[in-house]
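Let me give you the structure first, and then I'll get to my questions.
Just so it is clear, A, B and C label the chains in written order, and each chain counts residues from 1 on its own.
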Amino acid sequence: MTIRDRLLIFVGLGLAIAADLFLIWGPTLASVGLSTTDWDGISAINVVGAENYHDLAAEYPPFWSAVTNNLLWLAFLGLVATPLGLLFAVLLDRRLRFSRVYQSALYTPVVLSLAVVGFIAQLVYSSDYGVLNAVTGLTTDWLGDPSLNIWVVMVAAAWRHIGYVMIIYLAGLKAVDPSLKEAAAIDGANEAQAFFRVVFPTLRPINVIVLVITVIEALRAFDIVYAINKGRNGLELLSVLVTENIVGEASRIGFGSAIATVLLVISLGFIVTYLTQLFREPR
Amino acid sequence: MTSRKRKHPLRWLLYTFLSLAALGWSAPLLLAVYASLRPYDETARLGYLSLPESLTLDYYTQAWTQAELPKYYLNTLIIVIPGVILTLLLASFAAFTIARLRIPGRKTLLIVFTAGNLLPPQVLITPLYTMYTWIELPEWLSSSHSLYDSYLGLILIHVAFQFGFCTFVMANFMATIPEEINEAALVDGASVWRRYWQLTLPLCRPVIAALSTLQFTWMYNDFLWALVLMSSGDKLPVTSALNNLRGQFFTDYNLLAAGSILVALPTLIIFQLLHKQFVAGLTLGATKG
Amino acid sequence: MSPHVTRRDLLLGAAAFGVPAILAGCSNPATRTTAPTSTAAAGRGVVTIGSNASDEIPKKSLDEVTKAFTSHDVKINTVDHNTFQENINRYLRGTPDDVFTWFAGYRMQFFAAQGLATDISDVWTEIGGDYTDAFKAASTGADGKQYFVPFTYYPWAVFYRKSLWQEKGYTPPATLDDLVALAKKMKADGLVPIAFADKDGWPAMGTFDILNMRINGYDFHINLMAGQEAWTDPKVKQVFDTWRGLMDYHQPAALGRTWQEAGQSLAQKKTGMYLLGMFVAQQFPEADRGDIDFFTFPEVNPQFGTDSIDAPIDGYMISSKAKNVEGAKQLLKHLGQASSQNIATKLDPGTLAASSKADTSGYSDLQKRGAELVSQAKHIAQFLDRDTRPDFASTVMIPSLQRFVGKPNDIDGLLKDIEKQKVNIFTS
């Protein structure tokens, strides 16, 4: 390798590493550091130790609602939306008339921004003018009732998530050797049995990626509740609490960073698990 | 596939189910279109599910002119086009050094890059913002004289946040290119640049097409970064400007519906035109090239 | 978050104003440089304004007002008002404009105390004579210096439709008991007595403010807002108890409703009355505007009568990082003039001019009644989210009031939680 080659690698890769360290990992570590201070973004920084974490857990009611909601969101996407996406993929993985039409319809929500999804949800769920109450004749306050709203918002999120999962599984299924499926069918196994015994195990890498997408989407969920009611009154999520405390006029940066750190720890748990899985496999 | 030949009655059940699902999936979007065509007074009186007394395209002209959407579309392009190009350049080169040159420490690098891409943005947003306000820039790069409230700042964070995923996908793809090409080039004594630019990249065309489509959509749909890292209203990208529309026209849901549809239109069109690339972009990561 | 945010929204609904405003909008980019064609002398400075007036009418009125300012070029940087407020902290620390729109009271003092605003006491020596003491106090920082020039304001009151009330024979209540009796009558007549909405989190603050001021008086209210009284005080509990007593007459399912939707229900005569800012008028079709009337919230505690109201003031400040302080001060003097404010009140029927010298002859009936109401009040509060720390208002009070509206029965637990968080925030 010539000096020019080495220089090129150094610069090219150096830029990539620098961007990653300065813009992603540096600020992430700084968040952890700030979480032990009472900084308001303007005055001097005082270190207060674990006080923010104590206040968070003991005296900030939205925190626990947010933790519960994030877990609920994860469970709903993982146990309801993702299996539905798989079901659609399996159903569509055959020669069908209008297959492209079905796929497009199911998949279109994925290209919409979540902010738009949040807006559309209001047209459907509004208690006085929304379509859902008009159709069912109910007068339910779908978005205002704190014990209900998280569910209907998760349905809206699933509207988008299912298409996403479907398309990934569909691609995975296309890659499965057709003779495998046929062999299973000839054996007399019914379709469901054939699928779970023969096809599903070969989808393992897809399952892993879908799981990651599901977890990440659940932890990143933000725009949709922010668009609906700024993530309050039953729609609290960790990401929203961070934003509300540090991004808004409030500027409780130390406190908000503590929430961010909690979110980071949860995310890293999943990320590390996933990556060790991924990189242990022979490449 | 055998069930097709048998003309199973289940087949009809399947068609019915899929048709219903497709209809149900399209309904909310169709509803938004319907709402955008009706005056606010009317839907406020009758609700969104009612027969129209009048239909009009006025809201579209209003959203277009009053919300000055063309300006915001332009802002989006100023941010997204360099963003996508830089992301792919940086990612393809990093992937090249990892997959083709097999540099030492490549696995760690890939892990760090990929993990960075998976973080929720909120965990790094405050320090990032503070850092942005500290970094000063000359007038020609940023009219705010800092990285904060500049197009460049948004481009950089998009690049940094997205290139991990692209590196991962491209490294996987490049690993599937036959080694012989590399070896032949080595015998020729080709430079690293030539091997990257002339020998590897052309083979990556499908993955580049797929990732550009996907990245364009993602950066286009972003609204958090702009919300936090921009302060000038006239520099906002269009998706965040839609959020402004929300505050601005809060009463008039129907106008907002028209605005939402106009904002969603480019991604919908891209999705229809480049369906294959879009899907490939998502699934390349999944199926490991 | 604040009534200010959405007050202007419905202006767009005003079709009569809307059409010409939109046409004007086509040729008016958000950033506009007014350079009088004839006298653009070389070397004259530029003053920049950070404005949250993103709606057509406020934007137009600021345009018009600054057009009349000829000593400097003016560059207006418009950000939609939600984002403007969300970002104010970062905006002022980052690269702010010379002049920026903001709110009077504690919310102004908070930023002045952080050193983010420029002292404009010298401006006040010139314009001071045009303002009442109440307005001056609302523009003064904790250090006794002025940081703010009031521009417009609007009162909060209980609004109703005259025609409906005439038809049913209702009369404005003078006491809380009258109010309850009236509400019962409305209920019997098949109406929802009190329109109510709190999806956005801030409208319920108006109800809390007025009840607290009626029951415990202005001084207690302001001290409570400043963190000097305990939320667990029985006086505060009495406010929530009274409110709970009225809940039966409030529109149910308020947490899923926006104030606009509640305003619509008032306009459609489905509800009898609505406690809100004067901006509620904008939910009414143009033809029905003359049918709106209001009364101030009735007396609860004879000791305080009806001596206080919420009437938030909007105005302008100079950032501490301003590049052209001289020009900015001249612009503030211009904005402080009655003639400038009259341009705004003429375009925007939901606001009143802050200057005592303003010409009120062009006011609509509603504006005249509003001005009268304010002049009769002994104390004027700015609204909960402007009278206390912004972090307390947004991260504690909004969720807490929503919790109360959703479950009005656990008052003790709620107040204990508020007090704990208040201590954390105010001592940090």
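Remarks
The rule is short, and it goes like this: a residue touches a chain if its C-beta (ideal position, glycine included) is under 8 Å from a C-beta of that chain, and two chains touch if they have at least 3 such contacts.
Source: prediction; values computed, not measured.
Chains making contact with chain A as well as with chain B: C. Farthest from chain A, judged by the mean position of CA atoms in each chain, is C. Distance between chain A and chain B, defined via averaged C-alpha coordinates, is recorded as 15 Å.
Centroids of chain B and chain C (each the mean of its C-alpha atoms) stand 39 Å apart. Chain C has its Cα centroid 38 Å from the Cα centroid of chain A. Residue positions of chain B touching 2 or more other chains: 44, 227-228, 243, 246.
Across the assembly, chain A contributes 41, 126, 128-129, 247 as residues in contact with two or more other chains. Shared interface positions of chain C, defined as residues touching 2 or more other chains, are 86-87, 90, 93, 261.
Interface residues of chain A, counted against chain C in their complex, comprise 38, 40-43, 55, 59-62, 125-129, 139, 141-146, 149, 229-230, 232-233, 236, 244-245, 247-252, 254. Chain B makes touch with chain A in their complex at residues 1-4, 14-15, 17-19, 21-23, 25-26, 28-29, 31-32, 35, 43-44, 47-50, 90-91, 93-94, 97, 101, 103, 107, 109-116, 118-128, 130-131, 156-157, 159-161, 163-164, 167, 175, 191-193, 217, 220-224, 227-228, 239, 242-243, 246, 253, 256-257, 260, 263-264, 267-268, 270-272, 275, 278-280, 282-283, 285-288.
Chain B contributes residues 40-41, 44-45, 62, 65-66, 68, 71, 129, 133, 144-146, 148-149, 227-228, 231-234, 243-252, 255 to its touches with chain C in the complex. On chain C, the positions that touch chain A within their shared complex are 1, 85-90, 93, 114-116, 199-201, 252-257, 261, 265, 390-391, 394-395, 398-399, 402-403, 406, 417, 420-421, 424-425, 428. By the touch rule above, chain A contacts chain B in their complex via residues 1-2, 4-5, 8-9, 12-13, 15-17, 19-20, 22-28, 30-31, 34, 41, 88, 91-92, 94-97, 101-102, 104-109, 111-116, 119-124, 126, 128-131, 134-135, 159, 163-164, 167-168, 171-172, 175, 178, 181-182, 185, 191, 205-206, 209-210, 212, 216, 219-220, 222-223, 227, 238-239, 242-243, 246-247, 253, 256-257, 260-261, 263-264, 267-268, 271-272, 274-275, 279, 283.
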